[in-house]
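Look at the two complexes coming up: chain A is in both, with chain B in one and chain C in the other.
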Partner chain A sequence: MAAPALLTVKPRARRRLKPSLVAGLVIIGAFVLMALFPQVIAPYSPTAFDYQAVLQGPTAKHLFGTDNFGRDVFSRVVWGAQLDMQIALFTTLFPFLFGTLIGALTGYYGRWADAIFGRVVDIVVTFPFLVLVIAIVAVLGPGLKNMYIAVSAVGWITYGRLIRAEIRGQKRAEYALAGQVMGYTPARIIFRHLLPNAITPAIVYWMTDMALGILLGSSLGYLGLGAQPPTAEWGVLIADGKNFLATAWWISTFPGLAITLAGVGFSLLGDGLADLLRPRG
Partner chain B sequence: MNRWSYVLIRVLQVIPTFFVVMVLVFAAARLLPGDPLTAILGERATEEMVVKAKHELGLDQPLPVQFWIFLKDFFQGNLGDSINLKVPVTRLILERMPVTLFLTLYAAVLAAALAIPLAFVAALRKDTWADNLIRGVFQLGLSMPVFYIGLQLLTLLGARLRWFPVGGYGNTFGEHLYYLFLPALTLGFNLAAILMRNLRASILEVLQAEYVDFARAKGLRPSLILGKHVLRNALISTVTLFGLNIGGLIGGAVITETVFAIPGVGRLMVDSIFGRDYPVIQGLTLTFALLVSLVFILTDVIHAQLDPRVEAA
Partner chain C sequence: MSEPILKLNNLCTVFHTARGRFTAVDGVNLELFPGEVLGLVGESGSGKSVTLRSILRLVRPPGRVSGEVRWRGRNLLSLSEPQMRQVRGGEISMIFQEPMTALNPVLPVGEQIAETLREHTELSGNALRQRAIELLELVGIPSPKERLRDYPHQFSGGMRQRVMIAIALASNPKLLLADEPTTALDVTIQDQILKLLLRLKDTLGMSVILVTHDLGVVAQTCERVAVMYAGRIVEVAPAAELFAQPRHAYTLGLLNSVPGAGSTRRPLIPIPGAPPDLTALPPGCSFAPRCAFATDECTAQRPPLMDISGPESPAVRLTACIHHDALSAAGEVTR
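Then we have the complex of A and B:
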């Protein structure tokens, strides 16, 4: 009679969620909520000036203080989440999808597809990522849309390399050869059989990449090449407050902490997913 | 194959890549929205002036001829003139490049100086509070934007405590070291975090290897084992990682130089974008690409020095 009890307990114990995954989910979940319902969470408008309350430190009324126009920093950070979560998604979604597709095809077919991919990789890695993105933004003009185009043009390479390496390893596996013997189309073998077994590293990297996307978006925002003021983007908020750092540290410090926390959240999520998705991880 | 033919082959491999890079930059410069000629001549240029300028710049030639001129000029060190500053781009870059090279090298040295000892501490005291603290601080640093770390260091150690100057570059070597300490630390921190994580993992792996057990069994001193056997083998993958991340360091210099008001090529890049100074942007992009290619070659050579198996392959 003990056996069934053991059987029910054991899988549950094994599948218990790792603390890092839970912590990551909580942090990113909070930011997603802010992004979805900023008007509910933020106590003030992010753009409303209040000249009665200029450069006030953190108080119960203004949790993160106010800036030089009397705007509530907490509200601006909350509204900033909307933009920065969007940046995290839009800088990575196309690279993830396109890179996965290219990586799967070049990994499966090899030969000339592989050779072309190798050349493209050689060319792209010759430029420092940030310099290339900045150069593309310089050609297209500052702004978020052009930043997405610039990052997408470069970012898919990493996913392509990850998936290509995995597919190359998997395609000699017995189940893939069995698929060929059964007469399945290459598309079916690649997308139904190989890809589900090859995609884990790309998904884990996707989480890190979203953190990198926010770092890049805020850096370009800070330089004035990304989101344009008065938009409440975290990097722009830090740039807004940089001249007040010695006198009103809260204006720049809290948006910076938001970026850092989001970065930590995505890293934890990635680590947790790696544990969860890798059978012997 | 001896060492030098390996280097030669790597150099030869870079040439076609760099050729394509030049084609891309050439094409991008001609696809720019907003006519560069208008930028050079101003809005009120007459038809006559435009024709004359086009002729002087060779823009009335067929594209392949233009590309040939572009290639020839590049290898003669002629990158055109800056629109805003009215001086040759080559001179501008040569003037500013030493600052950026100093900053990136300094950052790389600081990163290694932080990462190598701390990786040893973390690996040898795996899962203790020291290990957790080191990994935690670096993980936090990895999640922080470069400009944010810079601003905070600048405010705290520069403006408030007045330990360091808040901008500039200095005149002597000693002054450079002093003026650029905070910028280099800022720039190198991310790299230090990446190196530390990798080196810690490598050290843990190497410590499991049989030759380390053998060295212990021989009765070698622990310091000798760590220095000669563990460090050298653990460094192999780290050197490659180091080289791959130099590009990131150069990119980060763009931001660091802006935050700390350092007159290097990174700041020049940002200024040129806002000033729509296309010849400078084009010249800088090519220079960065050339620089990164050189670093990649150097990385491969050092890798081959550390790991004799590379040459056999």
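Then we have the complex of A and C:
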């Protein structure tokens, strides 16, 4: 009989991974590999000058060509992955954690905690994100560490709002009341019961935010406020090549493509995760 | 009769909102005896659920509870929050109307039972697991060992309510507050759950307060009934006597508006009008504007809950109806 066999199939096993999730995983996986083992993948040192091969176009020897110092652009893009993946993580990790914490607490307790949070949100969203970050970096001084501080100081707001809204919805569910009835402490109800039910949008946004983080890091690198030359960072690489755009397009184009690809990868990942984590009945 | 295990003295729950002051529970006095099943009935919005939540102090701001909830010698309303957590789930448990949402969707049910056990008992490791299996068995869930790992969405509504009951019973509470536990279930499952509750009440020696608007459920399960209207208790009586001879005009109205299954068909008599606005209760009996028996006396001042137990009925009967005598003369329940 076929029917019993069908019944024994667990719903989980029937769930197929979405193509967008797979694509995102492959792209980001590739970048992570580059970031972890650049010395294995890159054929040259990212900072070694070679005056015999200056401003050469893409060839078999130099896949992405060379820049005005004869540095191998492919190697620099690969090493750049290390820094840009780091930027993606560090510009978002603290905002994710801190924003989640604040959002959970204000969402659960409401009242005055919520009122204070609301005013802070109002203040921060009044300023354009980039302007605020640039202003903070300008005060603290350029460099990666200060960039992380600046982005974290502003970025947690979004996570806080997301989680707060979710927790406010979840806390009306009867299982939250049931938790109270069972004599659980508020901390337990918030972090063990409500948060796992509320965290999905924040995780999905986190993926998108990493793409934004890379863009931001590159922008600041390009403006000279983030990573400093000669460090191989994609934004810095683009800036390096901007004087040669007409004669040596490859210097700026390939790092630009890397940024685009990483952005698409994170977006696909976020999209796929949203599908995967969507609660079912 | 033995000492009451729970005593509500002048329990009031008021919500201060922008639109005014809602008196959801208005001076409720009620006693519950050990091992008893008390039904709390009334229309939607009559304050039944809020009364239950007030007992456990689960009323959210802007709601405020006043009066006294005397539970085994202590006033629950004056306990500290940590002491209250010991009572909740430990001595008094509660189950809800919506078994679909009262379980956490992201945790396996075994884990949710274990969590309560860890909170209120000394059990751990294998003993804890054994107890969880025992509890699922107790509430009649087949192959409990396997089902511990399952998530709430893998259970049907009736099974979820059983799981809820298992969780509520995990710490051997002395009182179970059941807030319309069968309203969301179909009739056959409803019957099973009620029978289960009654059986568990006997084996575990609990008292139960059963909130419902379903008089059929009351007739089937409760020993005593308290009828609520607009936040007040209007009549208290043994279930059989209440059904045979209601002594409050509202109770009579309720009974007349319910189809009597199996008996001769008769037109239903609805109660005219709607429950009063809780921000502006009428000065006298709050049922008077809808009542056929109402006189000037009823609207003049609020009638107290009177003891009308006579020699012919030894059990305590209380009513807040001035015309309870007229009722017993004129008001045969039309069935």
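Here is the rule we go by: the second predicted complex is superposed on the first by the 270 of 281 C-alpha atoms of A that agree within 3 Å, B and C clash if a C-alpha of one lies under 4 Å from a C-alpha of the other, contacts with A are read in each partner's own complex, and residues count from 1 in each chain.
In the analysis below, a residue touches a chain if its C-beta (ideal position, glycine included) is under 8 Å from a C-beta of that chain, and two chains touch if they have at least 3 such contacts.
Remember, predicted model here, so these are calculated numbers, not experimental data.
Per the definitions stated earlier, placing chain B and chain C onto a shared chain A by superposition produces no clash, and the two fit side by side. Residue contacts after overlaying the shared chain place A:G118 against neither chain B nor chain C. Of the two partner chains placed by the overlay, only chain C lies in contact with A:M182; chain B stays clear of it. Of the two partners chain B and chain C, it is B that touches the larger number of chain A residues.
Of the two partner chains placed around the shared chain by superposition, neither chain B nor chain C is touched by A:G169.
Once the two complexes are laid over each other on the shared chain, residue contacts for A:P229 go to neither chain B nor chain C. By the document's definition of touching, of the two partners only chain C reaches A:P196; chain B does not.
Nowhere in the superposition do the C-alpha atoms of chain B and chain C come closer than 14 Å. In the three-chain superposition model, chain A touches chain B and chain C at no common residue. Taken in their complex, chain C has these residues touching chain A: 56, 58, 61, 84-90, 93-94, 96-98, 101-107, 115-116, 119-120, 153, 164, 167-168. In the complex of the two chains, the chain A residues touching chain B come out as 119, 122-123, 125-132, 134-135, 137-142, 211, 215, 218-219, 222-225, 235, 238, 242, 245-246, 249, 252-253, 256, 259-264, 267. Those residues of chain A that touch chain C in the complex are listed here as 111, 173-175, 177-185, 192-193, 196-197, 279-281.
Interface residues of chain B facing chain A in the complex, by the touch rule stated above, are 16-18, 20-21, 24, 28, 31-33, 139-140, 142-148, 151-152, 154-155, 159-160, 244, 247-252, 254-255, 258, 269-270, 272-274, 281, 284-285, 288-289, 292-293, 296.
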